[in-house]
Amino acid sequence: MDITSIGGIVLAIACILGGQALEGGHASSLMQATAAIIVLGGTFGAVAVANPMPDFIRGLKMAKDVFKSTKNDIPELIKQVVDLAGVARREGVLALEQRLGELKDPFLKRAVGFLVDGVDAAVARDSLEAQIHAEYDEAAVAAKIYESAGGFAPTVGILGAVLGLIHVMENLSDPSKLGGGIATAFVATVYGVGAANLFFLPMAAKLKRKLVIARERKTLIAEGVLSIQAGLNPRVLEEKLAAYAGGHAHAGGDKEKK
Amino acid sequence: MDITSIGGIVLAIACILGGQALEGGHASSLMQATAAIIVLGGTFGAVAVANPMPDFIRGLKMAKDVFKSTKNDIPELIKQVVDLAGVARREGVLALEQRLGELKDPFLKRAVGFLVDGVDAAVARDSLEAQIHAEYDEAAVAAKIYESAGGFAPTVGILGAVLGLIHVMENLSDPSKLGGGIATAFVATVYGVGAANLFFLPMAAKLKRKLVIARERKTLIAEGVLSIQAGLNPRVLEEKLAAYAGGHAHAGGDKEKK
Amino acid sequence: MDITSIGGIVLAIACILGGQALEGGHASSLMQATAAIIVLGGTFGAVAVANPMPDFIRGLKMAKDVFKSTKNDIPELIKQVVDLAGVARREGVLALEQRLGELKDPFLKRAVGFLVDGVDAAVARDSLEAQIHAEYDEAAVAAKIYESAGGFAPTVGILGAVLGLIHVMENLSDPSKLGGGIATAFVATVYGVGAANLFFLPMAAKLKRKLVIARERKTLIAEGVLSIQAGLNPRVLEEKLAAYAGGHAHAGGDKEKK
Amino acid sequence: MDITSIGGIVLAIACILGGQALEGGHASSLMQATAAIIVLGGTFGAVAVANPMPDFIRGLKMAKDVFKSTKNDIPELIKQVVDLAGVARREGVLALEQRLGELKDPFLKRAVGFLVDGVDAAVARDSLEAQIHAEYDEAAVAAKIYESAGGFAPTVGILGAVLGLIHVMENLSDPSKLGGGIATAFVATVYGVGAANLFFLPMAAKLKRKLVIARERKTLIAEGVLSIQAGLNPRVLEEKLAAYAGGHAHAGGDKEKK
Amino acid sequence: MDITSIGGIVLAIACILGGQALEGGHASSLMQATAAIIVLGGTFGAVAVANPMPDFIRGLKMAKDVFKSTKNDIPELIKQVVDLAGVARREGVLALEQRLGELKDPFLKRAVGFLVDGVDAAVARDSLEAQIHAEYDEAAVAAKIYESAGGFAPTVGILGAVLGLIHVMENLSDPSKLGGGIATAFVATVYGVGAANLFFLPMAAKLKRKLVIARERKTLIAEGVLSIQAGLNPRVLEEKLAAYAGGHAHAGGDKEKK
């Protein structure tokens, strides 16, 4: 579980409702079905128009990735690649075929498969980079539905507020309805601004960052395996991969002290 | 038909009018000819000034593309290109001439035509890439009229609102007109913000994404046919194209589970 | 004349004043000399500070380009270049010298002049590309004064509105002045927002687009003439230039149906 | 003196104060020490936090560059470089040593110095480009303090306004203070928005543009001197430099009529 | 200590509270626990959701870097590298091994280590550049939590204000609570806007700038050591490094007078 994602949402909601309660407000006055229908329905609709079906569905499925923890396996990965480089140096590239079964990472497996099949280095690089690129692009497009929701929600919230105010203005002759009506109108603003800033935009940011980390991880694998094909010395390879990984090369620690 | 486009617009309007009705407002109070004239006329005019005639007309014609479904034919396309690669390998590039008639995609036909005509590889690549680029750029410029409409509509809406408020302020001595007048003014805001966020901006986003997908599809064709010319092994070619296509390589499914 | 530019401005103003009139407002209440002085003077001043004198003057001169029609001469241009390629192929590059007089486009003339003078291909490409680049950059910088005016106008309008409101607030004891005073204040907002969204920003967009089209046209010429120098087959050259031109290659029509 | 910078500021202030006076307002009501302290102090503080000391100080010193005129010496410069090319062609590169003393521009002197010292062309290009780059980057970073001030000023102005409004709200029981208090609050907005849009942002834009022009000037020198080293024909060199310079090649005139 | 960071924050707060006091307001009316809970808790929560745990924690730790002074050691660094180049020229690259112990900068040490180990120049460059890149990227991502906090704080502040206004509106029947209630609501705006513009955004800008300076410093080291490996003349190397360093090459002074 991604502790900051869950803790962050819990903290944000607790502080906002808690602050509201401390001030003497009732959480119940923030529960308004009509405002919710307008803001969430309008935002959902706008996002659906803005995104093709497959991106939309994939994006909805990615919501759970926000809360799933991604562990840093870069150190083991480097170890594994350097290990393979050692095997290739001692016993030749073909000896890697027996190791294919042990490799659990599908991308690493595919890259080593190219080596074993004797695919030309330029073709292998082109293929691996195209895959990294295509997978990242597709996932990033899907993750963007949260960014797009975060963009539409506040304006749809304002739309809801203005609709409410129009209603209020038409009943101006009955002052007793004034305050409550405006309060209702404001709730739509709270829903729009809150949904965007506490959910959609932070979720989009976290997903995007996780995708970048996943892409860097695959780039590391591709660089490593292509360096084995180029016959790089395992010790130099380890140095190089550690440089590519930066601080990730050390499980859970910042490498550089500045 | 593009279900998310149509469903999204229906949902957004239903939720907003439904929410409005639930709150006791009348949809009729949102129907204001003057506000519509100011907002739509002003926005339409600003977009016309901002865009040259051909882009403007092409952009208007593209509106229907938002609602047209684009089916994912990448898997068949890859099959077709790999098939052609097999023919070229077995019987030589000239044997592709007989297949030209079977090719329905005009871009694929043109690319294979270069092969058959023996056009130099560098010239063919340059020509195909220039065409992909030029077609995308032109279409993207046309699609941008919706982005530009989405940018002008809210400010023109505010213009309409301020115009309405000026009118209200001049009649401040007659309080009975106050509420209704302000309501009228607010409707212009609703039109501007609503048109931008429920129509123009989502339409622009969907068109842009569809153009990117079409460009990637053509890039795939170009890469495939140029690889045939370079004599790439059909099996490696299939791998390579699948890498370029990413998740699109599998009809309607996400390839990668993360 | 550029019909969309003129028609767009007329339409926008007609709709806004018409809507205003329909609502019962008087156009005269939008005529306020003080608001105009504050908003236009302030914006003009800010734009002058932000831009060096030559850019500023050139930008002012470019205003007329917004309304001048630019006809699509790409098809004739391609024909002309292909024609020159044929001459060069049949009679040698030096035979182009007699054609120099017939060439009306100064950039085409200069490019063919390099050919005839036997300037080295790399130097010719460098020179032509540098010229395209430099001319575009300079013109784009000048066109940007409208973008910068479109950025300053709304905030200066708000400045004018706040100044008006300060004045109103100081006279709060005399309620009869309240409405009219606020109306005056709002007119500054209308001027700022209107000038930016109906004039400055659309003009900036149109100028920018026209400059891009002019740059693409010159790039086409440069590519064509350099291909003649490289001895490209006229028929292949025609294909290549059509690819560079995209839909512009067919006078007034969209080449690609999607 | 840069006439547009000074004229622009004078015009903007005159129009705003003049408009204010025409409307019957007193300039004195815009003079509020507290608002000035809050807005200028807060903005100055935020800019200081945002920028390292040396950038901050250099940025302050650059303020005068906004008002200093930069004359276009590109035509003489091209003449001078072409002249040096002629000398180098006739008498050899070493003959340039006697001309070193005549060169007043320090960057041109340094570039020609490389030629005379026989520094390798690749090293000379690398060195000159690195210097252009480093000097531009540093100056641009310093110029950005005005952009950053232009970003902070309006929000600090709003901060000041809200602070004023809080004060007003606490004294709501005394209506006589209401108008004046709100006016005071609005002055902070005027200071923030005005300082950003009439001073900071236009100054940042002008400085940035002047730095770009200075960089292009140095790029021209570097290209010219490196072309001398490459033995380019003086006449072709003149053509090439004119292309790099675009319209600047002709003192004070637009080269291209479109 | 970074004087502008500390002085800037002190100045900004002093001016704002001082201005507030001069106007007759009480600092105490700005101390509101509920507003603080809503704004800070909500912002903290949103930032936690938006950023993975390691970035979040590293970002928090970097807060102190804003206030730590970074001294300009570029001149000594250039001297040291030129010195090493001299040793390498006179006594060969292996002689640098004895100098390794004297090198205090870990990155310089690592780069010279590659030289001494005889690592291939391309591999060394690749490795050093990858490390510079990876370290910068990671640190920049961590520094971005302040940018993200600066983005969320104002909207969460508005959320708090709207929540407060809803509460006020519900108690509209008791006018005595009106002013104080609205004041409370405004304090949330002040907290959100103030936290973003006086703390988060300036801190993000300063951190980002310091990271860029650190990256340029490492690029200088890498270029220098790789030039030693390429056998560049120490005197030319010194010129080149000074060009890379721009104004930083002279301790505390601006090199170029314009």
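By written order: A, B, C, D and E. Residues from 1 in each chain.
We take it that a residue touches a chain if its C-beta (ideal position, glycine included) is under 8 Å from a C-beta of that chain, and two chains touch if they have at least 3 such contacts.
All figures in this text were calculated on a predicted structure; none of them were measured in a lab.
Enquirer: Which neighbours do subunit D and subunit E have in common?
Expert: Both subunit D and subunit E are touched by no common chain, going by the contact rule given at the top.
Enquirer: Centroid of subunit C to centroid of subunit E, CA atoms only: how many Å?
Expert: Spacing between the chain centres: roughly 39 Å.
Enquirer: Let me have the rounded angstrom distance from the C-alpha centre of subunit B over to the C-alpha centre of subunit C, please.
Expert: For subunit B versus subunit C, the centre distance works out to 24 Å.
Enquirer: Multi-chain contacts only, two chains or more: what residues does subunit D have there?
Expert: Within subunit D, no residue contacts more than one other chain.
Enquirer: Should the ring be read from subunit D with subunit E in second place, what is the ordered list of chains?
Expert: Order round the ring from subunit D, first step to subunit E: D, E, A, B, C.
Enquirer: Which stretch or stretches of subunit A touch subunit E in the complex?
Expert: 2-5, 7-16, 18-20, 22-25, 29-30, 66, 70, 72, 154, 178-180, 182-183, 186-187, 189-190, 193-194, 196-199, 201-203, 205-206, 209-210, 213, 232, 236, 239-240, 243-248, 252, 254-256, 258
Enquirer: Mind listing the subunit C positions that touch subunit D in their complex?
Expert: 33-35, 37-38, 40-42, 44-56, 58, 61, 65, 119, 123, 126-128, 130-131, 133-135, 137-139, 141, 148, 151-152, 155-156, 158-160, 162-167, 169-173, 184, 214
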